[in-house]
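My structure is below; once you've seen it, I'll send some questions.
Naming follows writing order (A, B, C and D), and every chain is counted from residue 1.
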Amino acid sequence: MGSNMAENHPVGFQWVMEARERGAEVIHIDPRFTRTSAMATKWVGIRAGSDIAFLGGIVNYILQNDLWFEEYVRHYTNAPVIIEDTFADTEELDGLFSGWDPEECTYDTTTWKYEGMELHGAAGNREEGFGPTGHQAGHGGAGGGLRHGEPPSEDPELSHPRCVFQILKRHYQRYTPELVAETCGCSVDDFVFVCEALVRNSGRERTSAFCYAVGWTQHTVGVQYIRTAAIIQQLLGNIGRPGGGILALRGHASIQGSTDIPTLFDILPGYLSMPHTKTYGDFDRFMEANISPTGWWGHFKAYWVSLMKAYFGEHANEDNDWLFRTFPRIDDDNSTYWTLEQMLEGTVKGYIVAGENPAVGNANGKAHRLALAKLDWLVVRDLVEIETASFWYDSPEIESGELSTTSIPTEVFFLPAASHVEKDGSFTNTQRLLQWHWQAVEPREDCRSELWFYFHRGRRIKEKLAGSKDERDALIEALQWSYPTHSPIQEPDAEAVLAEINGSVLESGAFLSSYKELKDDGSTACGCWIYCGVYADGVNNAARKKPRWEQNATAPEWAWAWPANRRIIYNRASADPDGRPWSERKKYVWWNGRRWTGDDVPDFDETKAPDYVPRRGARAEEAIAGSHPFIMQPDGRAWLYVPQGLEDAPLPAHYEPHESPFDNILYAQRASPRRQRHAGAAWDPYNPVADEPGSDLYPHVLTTYRLTEHHTAGGMTRSVPYLNELQPELFCEVSPELAREARLEHGGWATIYTSRSAIEARVLVTRRVKPLVVGGRTTHQIGVPYHWGTRLLSTGDSANDLMHAALDPNVHIMETKAVTCGIRPGRRPQGKALVDFVAEIRDQAQSQQAQEPRTEPGEVRRT
Amino acid sequence: MSSYYGRPVIKEPVWTWQIPTYFFTGGLAGASSVLSLGAKLAGNERLSKSALYVGAAADAVSPMLLIADLGRPERFHHMLRVAKATSPMNVGAWILLVSGGASSTAAALELLGRLKPVKLLAETVAALAGPPLATYTGVLVADTAIPVWHEGRHELPWIFGASAAASAGAAACMFVPPAEAGPARRLAVGAVAAEGALMQGMELRLGTTGEVYRRGAAGKLALAAKALAGGGAALLATRGGKSRRSAALGGAMVCAGELCLRWSVFRAGFQSARDPKYTIGPQRARVERAGRSAG
Amino acid sequence: MLLAPVRGRCNVPARQDARGTHAEPFCLERTREKGWVTLVDTIASWPVLRQLREGDPLGRGRAAQSPRSKALRPRIDEADHVVQSICPYCAVGCGQLVYVRDGEVMHIEGDPASPISRGRLCPKGQASKSYIQSPVRELKVKYRRPYGTVWEELDLETAMDMIADRVVETRARHWQDETEDGAPANRTLAIANLGGATLDNEENYLIKKLCVGLGIVQVENQARI
Amino acid sequence: MTTYEQERVGFFTDTSVCIGCKACEVACKEWNLIPQDGTTWTGESYDNTSELNANTWRHVAFVEQERNGDGLRWLMESDVCKHCTHAACLDVCPTGALFRTEFGTVVVQQDICNGCGYCVPACPFGVLGKREEPKDGRVWKCTLCYDRLKGGHEPACAKACPTNSIQFGPLDELRVRADARLAKLERDGVEGARLYGRDPDDGVGGFGAFFLLLDEPEVYGLPPDPVVSTRHLPQMYRSLAAAAAGIVVGIAAAFVGGRS
């Protein structure tokens, strides 16, 4: 679900095909019948944006029919935990949870906590990760706040009305097969088929896996999509076991790496939180907020201090709180779309873009291009001149007259980048595997790696600021910035950087082999604690290339997986509470009486017996019992219910997409109340929705997607002749029924429009897209790939120009997988006429909408 | 009948105008050589000489046309790299080499009036090579996957042969005074009649496959061929023996008709290849007749 | 760091006649030496004669084989060395073998040793060589001055210096010690950095590290889209 | 039975596992340095390649089907030169440019081909095409990576294929594998599965590159009962001889007729 694996991860899909050939059921649940659907043993078509209803229905099916994996659920999840009586569910509040503040549009998440649990950190202090709004920075973050590893109140019988299990049951009781069919537009039979197949293939002897990609994440409730799958997998015992899991199929070579060693605003390497402006500068308080007393995050300080030593070396020491006072602070949201807003407002002056093409790849592309024209300076680094670099002379806005080249002040530097074969380095793939790629040839002419660009830029800046007495320059002066270089262009040695990431004992210089060796006293340095061990003993383990035929199926000597070269995390769950494999067939890691052993590196203290019970006052992982596999969690359990750490819900509830033609069948609250919007912002107008007047101007559901033959915003494929001949043009997929209704001609042109913009695309009429009946009403879905822009070897309109920038509040990802739109036959107006065309429909819609404005319960309407 | 988006199953030929023109010139050359030797044996020196020159000229033009059509003209001699019985084109190249060599030698010696025995030998060789030269092109097109050609494999050598004979006779009529052109006239008229019957018979036998001869460019050319050759033959038959001018006109018309005929066959091949029904239909019928499953 | 070179075994130039631009215009096999012996050899190598001699009377097999075909070898055998790499597109992380000759990539194909991909590649990964050698790839710095209408040339060193200046100046002018509420900020909100998911871990590490040092907090990448 | 200097090799293309990714098309082009073949959007499902020709040696066909009660089916098939046992292209080639290699494959030798184009209409599958690019003019088709085979590498397309839909190997082995595969699909109740070109007794003597299809061949643009045209060559030569004799007789008759 939420993934088109055969098309977007074809080589990974070989394993799915192999499983299918061995008899595995492969189910594809997707709005479109794709190449993945064609390969699946079963395809279920659902409406884009309705996945939580479908998944919630599965949860309900499992619970109502008592099909859950009892021993797994009882011992490995927080099902028995009793929740505070302040908690109120969406069933009671018609789509809202307790703690909703309609003014701030946030939840007070203290109402969701475990009963009897003290909130960790001083209450009301709004500490990062611990504030009542539940904002979570680090992945898996320092959430929880348990004083010890066992929650205060539990009901092992799972019958207490306020225990998680009963809350879960009540929460999903109305997600019946009939309701799922009505909401998602599928048949009851298809839904039940999926439930039965999943249940049949789970348990002691069998496991099932979910694969997802941006079809799940690009929603205003994206995190909750994945959460719902997590609930199913916990109930069926499919986590931490071979063949199980929820597998994120990520889209870029090192998008996992760029999250682990983040180029993200809110975290530091290894998912350490960035300090927040609201932390008031106190290091001890920051530590207190982030060190989880129980669970693995109890070592937060060692990781933090070691990172500061890697960053600042001798300049960071205990006496100056490891330079915490001068460390930069973030706000609640400094993400891409926030930056976009700041650019439009003129706050952002300079923008450096390396290997990304926001003018095409980001939602509401037009806003991005208009924003670029407000900058003082822009640096673009890529292999080809992408739309982000050329906006000032050939963007659609130049054509429409909204921008004029001679009035754009932006100074643009385009610097050609080096490709993967022109530099050494490692990518972290979607299964956390760090794989080294060796340099094969020297980059030509001005082409340079990012390693070169950032290193030499940093070097120059440090030189320019050398000797500065300004306080603001203290940190940059303290920054450790010397790396050996090689070759005539002075390319920094990537292995030296990897060695710094791995970390070392400062005194001896010995490379660390495990994050367990990290110290909080400044004696170790480590650039990313979860990567510690990749350069153990000075050996580049990411570069291990022992052929697969010389090792077992786990291939532990091919590259290196974080953490600790572990291939399946939480693999202690592959054994029962007593440490025995759940079954011979699914044997993976087990307790042999003295230690944990098996086919993988055990994700557990190797000598912690299954019957280990933490003593009172135990800290960190010592506070986790021997029967609790989820060691990163403060209670060692998988969370069916999330008491803290999420902004929008402790339990996933079905909400309509921000833009959808329908009301929420389940609740009065239509869309997620917590979704991030830019209400009233001229750059991000929204279509009227559901039964609002004017919504009939945008009656269809639009979803975007990728094709095998291209890659994301096209910067890496629209430059390749062989690929462009395979998919040379933008098209839209519509059903024969919609084609008839809208008079669209196969092979002809269609204009698709939203409040943001309009694009033209060739019409591909196909039975692979089906009209769905939702809530008794027929709805049409339109699919558009988003690879094209104005430049390179094949050009076309950008689907992302149609998209709005309403976001998921947890991760600030936009909802490009389900918006509403209108469609007309023929090509779109050109130039200024395009702007007028879009504005005319928008104005009409908005004036109709204004006559009968609609307010959802969770929303205080602002104009 | 299903097909893949109506796309052709087989490829149209890549040959251009030179090839049907060569079919004509090659046929003309081959049949003229025989006519020349026949006239010589019959004691009709005038006719023999004219036919010899016509044949030699046509023989000389033919390789030029063929070479011009090649994707790599400079590699024309690769045609003689192998001796390949399975390739009508290779066989034809050898025949053309022999025929062209012989007829040009004969013509040159005739012009120079020297080495009579050698000339006679050359004439004999040319006349021996002539009939296969005139007919192998029928096999050449028939030995392809093009339904209308391949299915017409029984008739095509005959049709091409008749057409060759007609053009040889007609060409001779253009250059030889009517009094001495009697055999040529009879040849032209008889061959046109035979060819017409053969074409009709082939079309009938081919059924649906043959319908391309009534459609599109092939149809128009077939019609033109019939009109020109038929008209020309009629003119030759009625007035060719009396009027030099009529003989020339009639001869020219028959030649033009034969050229059109080759073009018609040529175009019919393209049309037959382009529409998948001509490829799939008979094959599907064959499969069903045999009661097997395809593949 | 490079693997042991894979040396070619034959003398057919790797890039010969790949696009058919300079095929040999001969039929009878020609050799460089002159003389009667060669002529005899040449005639003897005439495929028509070989048809009889080599038991291929119809000339459809070995008799028709040209010397070039006989000597043909895969061009990767001519590589100076082969480098193990990883596909730059999606996150599956397929193994690639990069064949290099004379300092240029001559071919890229799947690495059979990889337990992830088993030597297979998708169309994008398979097109990696065309990607790095794209006809529209940029090799030079391009500069557009404020309000400018054209790209201008700029020396890389100068560009780097100018960019460093821009960062220093913008940062100095728009530095925020504290937020409006008086909370410590230690940052500039006037500079943002985007990108990282297509880059190496080491590069991401330097980006984040440098941005932290400079107080640039708006560091983002494709994980957000 | 023809014997080859080495074991005869070929492809078994199993369309039941083809995901339509077109890696084979690109792998082929990258290895064989084939020119680009135009950027036309066809609207024919996801197929913008359309056919095999001089600049496309692997072509993935896409067929969208909706069958009553059985839902949607999206057939994908990577088509390629069949390397026929009795290959018309090879038979008719006048220069010997096309020849049977030591691996039993059929290859155009680019240093020999003079672009006569005879093989183009001779092929019952429409595989070959003449490259019209300036200074080329020769005919090109799949070589089954002749150069790679000589170095012991498998053909580029088979190597790239993510799902092993394209399998390369000794033909005898592939046939055994294909039979087992068909039997499995039949057991699993997969409708319409059949082997295409596996049978050595068919009109071209079996393919060196054969297929497992899920529908009739023509659905994929393949001929249902291809026959090598040279099978009828003796018959055609007889017609030729007869017609040649006919010319002689006719001309003789023209002389004789005048005397009577």
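Operating definition for what follows: contacts are C-beta pairs under 8 Å (C-beta built on N, C-alpha and C of every residue); 3 or more make two chains touch, one makes a residue touch a chain.
Just so you know, these numbers come straight off a predicted model, no measurement behind them.
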A-D or B-D - the one linked by more C-beta pairs in contact: B-D
Separation of chain C from chain D, taking each centre as the mean of its C-alpha atoms, in whole Å: 32
Inter-chain centre distance, chain A versus chain D - centres from mean C-alpha coordinates, in Å: 46
Mean-CA-position distance for chain B and chain A (Å): 73
Sites on chain C at which at least two other chains make contact: 27, 47, 59-60, 63-64, 108, 120-123, 125, 127, 130
Two or more partner chains touched - positions in chain B: 75, 78, 81-82, 84, 86
For chain D, residues that touch 2 or more chains besides their own: 21-23, 25-26, 30, 91, 95-97, 112, 131, 136, 138, 162
Overall pattern in which the protein chains touch one another (line/ring/star/complete/other): other
Partner chain D, residues of chain C touching it in the complex: 17-21, 23-24, 26-27, 47, 59-66, 68-69, 72-77, 107-110, 119-123, 125-127, 129-130
Interfacial residue positions of chain B with respect to chain C in the complex: 74-75, 77-78, 80-86
Parts of chain D lying in touch with chain B, wherever the complex brings them together: 42, 44, 47, 50-51, 53, 61, 63, 88, 91-97, 112-118, 120-131, 136-139, 194-199, 202, 211, 213, 216-226, 229-230, 232-233, 235-237, 239-248, 250-255, 257-258
Residue ranges of chain A in contact with chain D within the complex: 6-7, 10-11, 13-14, 17, 21, 33, 35-39, 43, 707-709, 721-729, 731, 746-747, 762-764, 766-768, 793-794
Sites on chain B touched by chain D in the complex: 1-5, 7-15, 30-31, 34-35, 38-39, 41-42, 44, 69-73, 75-76, 78-79, 81-82, 84, 86-90, 92-93, 130-132, 134-136, 138-140, 142-146, 149-150, 153-154, 156-158, 160-162, 164-165, 169, 182-184, 186-187, 190-191, 194, 269, 273, 276, 279-280, 283-284, 286-287, 293-295
